[in-house]
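All chains are identified by letter, namely A, B, C, D and E, in their written order; residue positions are counted from 1 within each chain.
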């Protein structure tokens, strides 16, 4: 709980600080404060490893799984805060509040990772979502941003409603909202009531919306494209991580009695999602939209981890998410660094980037290659790990689909690489200057990608012990 | 060890020239000559000391199931061939020193020539099929390099390519033959071998006890013979040899008259155990030889280029040798090979001297040479006589042996051979009258008068080989070559055959003299009198056209079809098709992204309905 | 006798009506209103289950649902205002600058 | 943990590349020096490893092993056996000469060298990794840097298409193979990717036949793509034509062999029964490769296309050798792989050398260069001869062994293979005729021959080619120690 | 309450709920829509009372009739909704699909609901006291967390809807 308290304190102190800071600088300073706070809290989080247990009548749980997801969330938020700091000029107004909203969203996401009760989970989810709706529409001068906000809000609200309705059935069937209690009651009953499965489907649909699983994904490209870049980054990383944090815990607890149906459901969803995301990305010309489609594809790979029965798939999800966060963050760091000097988010704006700024191009290259799953980057082992676990459960067809789409994804990523490296920049464009702090952050992300890609062992070990601590903490 | 030195001396010379001699022409010529002379000296030493050896040699390629040796087989056959190669080789090297003087690539010439000598000696010394094949290919390369020596000249470059390709085509069969023989050698479950001695022991035995079928032997023999057809320029692959005359004349003398082209005959002799066991193969070989001899003889009649005349003559004489093989006597073949090496090398070198002096190869621009270059003319005359089979010159004896053989075995072939003998005499007489004895025709229609007028006998370095070879051509019949080879005493001359053959030769000479001794002759009188047939022969029986058509079939038709297939089917339809299906699928998918938020909600709802249906309602 | 099923069916009807409205109305305001219907369908379901199962948590959920609904409506209406100011429209069919 | 020579030779280029990241991009000489040092460390160590490899003891030597991801059975495990030792030697040769040739790259030198060194490391790593995961890891690492290398430094109007196609094809193959590899992990039932451990397990109980039946074709096609298995060959000529010289060298020389290596190691070594089921088909495809690609090479007008198709055609011999699964053919295949690596690299290097000066590779724009560049032209002719299977060069011995190995098993294909030699000679001579012989084409008026250090890479490659061609016993016994266990398993399972 | 009365009240409230709900989705004017919603919410509150969820019923009426109604009306005043009758989809088939979809969904709901055991009686009193105990004890964490939710909503109004100073 210390971390959560710290987080709340951080958010509130930022809120107060915002009142006293000069309008023009508040965003910058708050971002720095928040980054420092998040970094410290991350350290604190690490020290909480081992102190596992429940709180608030077991509606809050702190175990390895929660800590791992929180760690990923903190890293993602750290990147997003930095992006927000560099994005001040584009925001134009409400810079301080922007940082606040990121922290609110983090609070929501953080509680999602620890929630052991649907009630807490629901409120946390809404905290995250509402903050995101607002941030998505933050660029008031851009129609696309408002449009994205509206779309996200409407569909998000629908998904909330579907979630609630599903929850009511789960609650009605079992008479509880606590994960463990529900699981116990279901295990003790001889048959699995249809109403429970019905509720489960609705809940999964709603969470599928959050993690952008086909067919609940249609908001993704539009919202990713329209939202301010740091928000897109947040959606792609932290929000998705939160969704998977919830799904993993639910699959392991509440839904575990329906393992058979889950495997069927998630494997089909995973296949559809992988195919849709990767094929849909091919014709895209907007880099953020392209990353949106690609994030759908990645959600598909992550869903494979859910489809695989047992704990291995979930370990793979942890690894995958962290590597995905590093890679995606790296790509968005580049986009944010470019934000001031490109006219639009069209891929063609990156033409000749390697000439204009080798460092940015290299960061983008590493990030895209990692996303595509090319060794020696983290994305490779992530895919390998998850497909390995899938193969273990005998779903060869899913492995084949996953692998074939690696090729597809390589195609559209390489198209971007080609634009950056092979094409000549338009004459007269100046070289781009990248600040040291930006370089440092990119370096951090690249280092993460590389370390995860080469020294996979420790990460796998942490993931494994996270899952085993989940078992012992219950 | 001696054999090693014989083999590697020319190679060392070649390597030395490549690394150190490219800018030092004189040094490189000296080194090359030293190399071949060393080989000659040691060969002679071996000959005198009767140092026959049939050693296993060292393992060259050793792998499970395969042992290829690097070893020498030295017996009378290889020793004789070795002497011819190094002997004629030395003459040609010596001759080349002044013949090639002033050429910009003087050193390269000697390097290539030394490489050739190395490869040729390798063929002779090899104790197994694969090693022989290695050198067999190497002579092809050196021949390619030497034919295309003046590679800036398109015709020379083309000729080199043609020679190489035709030989490769023949080696297709030869290599299959080697593999086939290799397989047969293990028919009884023993370890397979390429070794000649071992094969000669095993194969007849296997044939005897039925381990291998007679047909198998025929196949093996004919496949190996394929190589001979290429290298020894037999019908229908002789087409490369006349073109090979684009190379420097000493090269033609050494490679394309005396040694390399004879390598095929040597090979057949070496592997005679294959052929002798198969009457069918023998018949095929004899017939091919006869056809070659006849066709090439006729071709020689219509040539105007002195080297081409000699080239076709070579082909024709090779036909004789092959006939001898086909009739079952390798000794006769080798006998004719030896004498032919002497007089044909002599003729080529003589022709070279004429070309050197007159700067033309057209016999109709020569003439009156006895005055200008008496030594050349005289040796040329001796060579001609030897070729025509005038007793007691060397050609008479060897040719007589073959005719005798033919008479005994196959009357038809005898007739053909006899006709060819007469044809030989005829075209050589023609060449002699027009190019050497006749009046100097160049003044009438040639521009470089001053050079022509200054034509004189070659320098000593060129004359010496001529004289040496002339001597050999004269006494070649008395050296006891058949005895040396077969160990038996030569049969006495069959007077009937001898008389017939001399008669045929004389007929040819007389007829030739009648036609071509006229001083006023400017054009070939045969052209008019033979009409269409003459044209047919001039066009080389359209055999080249046939091959061009065949090559075109492969190169243009089939290859183009494949290329078309590659670009339009494999790539376009297959690859791009798959790619475009994928990406159009992508475009199709994104149509779901209408932009209207309610349609997204609709899909969301449909998704729920579908999942509920499939997961809950269906069962 | 009115039982759990009756209430649940009413709630289902409410859900479906709300969904229908959400799917066919093109005015964002109407979409938000339909959304309220769906949310309250869930509320009804919760309360019925809570009542019939004798378990109070369901009603607690409803309490939170209303807070969430209020928050979402607030954000949604803020966006409507923003959108209207910017584009003079509240029709979702006009919001398709991003597609495909 | 102490790193053995194999680790060092494999990591040296990668470390060099990392070092280059911190070098300013205008310090060309320093960049060259680092690249050269890294490559020469690999080169010298590859010679050292080859030389020090104990043939009598055989097995895996110079082994470095560090647990990496224990729960998945992944360990950093490198070492060499007879096969790897020889292929590492070849890669060492090519890496060194490739870096030397790369010195002629003028644009964006730093990035070029970074990518190039990574490429080298990937190749070396594939050959020496003893953990299947790492084999795949390095294989992919080698495949992908080619994309920017061709995309940025390549030439020709189809460059973009070619490089995309190449990368996608190879990745497609790789993922197919990965399916088989993942299946292998579970089929072997020892819960490890460790190659020696799996080999041992397979020796005790062979993999299930059903598994072998479906996994082998995946592996064969997957790695066959990079081996230009017909009809998956079309990426190759196009890719080579677009690639810069040193990349073509490495790609044609080494990368193609990665595929063959993986098929031998994983396919023949672990699933011999599956291989036996499918190899008759492969043998036919091999024949198609040889003749079809050879004939297509006839029609080409661009020199690099000729070399590209020629290399596809030569891969037919490797495929045929693999298909035989007999000692002679397998040893011959590896021998041929070594020789072809050097030969292909030499060919591309020479064409590249002249192309750098003439800026055209069209046959019609070349001609008569023999007089202008005697050194290069002599080497070019020798390369052509080697390519045509002339004795004296390593290719000949490899081809002969393959032919003899194939003779008993696939006689028709063997006969077609011999015919393939004729075809090769045909287009190679045609090429020599069109480039080096005949009257001088004006485009070559300013040609300058290689001088001094420029000659080194060519001379080195040729020397290697001749050395193994004349004295096959340099590498043949080592190859044999490597193939023996594989052959034992083949005979055991058949 | 007698069962007869309860039954009739249930049907009355249910009918009202459905009718007003339909009124919401088919309203030709935003004001009608909002007012229909409030009416529907009142019916819903009636049902809640039948279910003895008194506290929730009260809050529902307060929230909807009070807060949300005002909010909506405020926006309706702010925004010009004269063209509301044109807000049906331009793509003619989508209402049909929506109808079919809704019916399908309803039938699925129906099937699922039928499987639920109708056990238990309304024995529970959802009073403020009882609920408060639950909220401030067991579910205090989500309760506290809602403050951030509301805070976020407040921020949204400030940053999104506030007119720029200039």
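A few remarks follow.
Throughout what follows, contacts are C-beta pairs under 8 Å (C-beta built on N, C-alpha and C of every residue); 3 or more make two chains touch, one makes a residue touch a chain.
Since the structure is predicted, the reported quantities are computational estimates derived from the model, not experimental observations.
Chains that touch both chain C and chain D: A, B.
Separation of chain B from chain E in touch steps, taking the shortest path, is 1. Summed over C-beta pairs in contact, the chain pair with the top total is C-E. With centres taken as mean CA coordinates, the chain nearest to the overall protein centre is D.
Most remote chain with respect to chain D, judged by CA-atom centres, is E. Across the assembly, the mean Cα position most removed from that of chain A is the one of B. Centre-to-centre spacing of chain A and chain E amounts to 31 Å, using the average Cα coordinate of each chain.
The mean-CA centres of chain A and chain D are about 41 angstrom from one another, to the nearest whole unit.
The geometric centre of chain A is 76 Å away from that of chain B, both derived from CA atoms. The geometric centre of chain C is 6 Å away from that of chain E, both derived from CA atoms.
Counting partner chains per residue, chain D has no residue touching two or more of them. Among the residues of chain B, those touching two or more other chains are numbered 590, 593, 595-599, 601-602, 605-606, 608, 612, 616. Multi-chain contact residues of chain A (touching two or more other chains) are listed as 119, 122-123, 126, 130, 133-134, 137, 140, 150-151, 154, 158, 162, 169, 172, 194, 198, 221-222, 283.
By the contact rule set out at the top, the touching chain pairs are A-B, A-C, A-D, A-E, B-C, B-D, B-E, C-E. Touching chain A in their complex are the following residues of chain E: 108, 112-113, 115-116, 137-142, 145-146, 148-149, 151-153, 155-156, 158-160, 164. Remark: chain E residues 89, 94, 97-98, 101, 104-105, 108, 111-112 touch chain B in the complex. For chain B in complex with chain C, the touching residues are 590-591, 593-598, 601-602, 605. Taken in their complex, chain A has these residues touching chain E: 11, 15, 56-57, 59-60, 93-94, 97-98, 100-101, 104, 107-108, 111, 117, 119-120, 122-124, 126-127, 130-131, 133-134, 137-138, 140, 169, 172-173, 193-195, 198. The touching residues of chain C, when paired with chain B in their complex, are 19, 22-26, 31, 92-93, 95-100.
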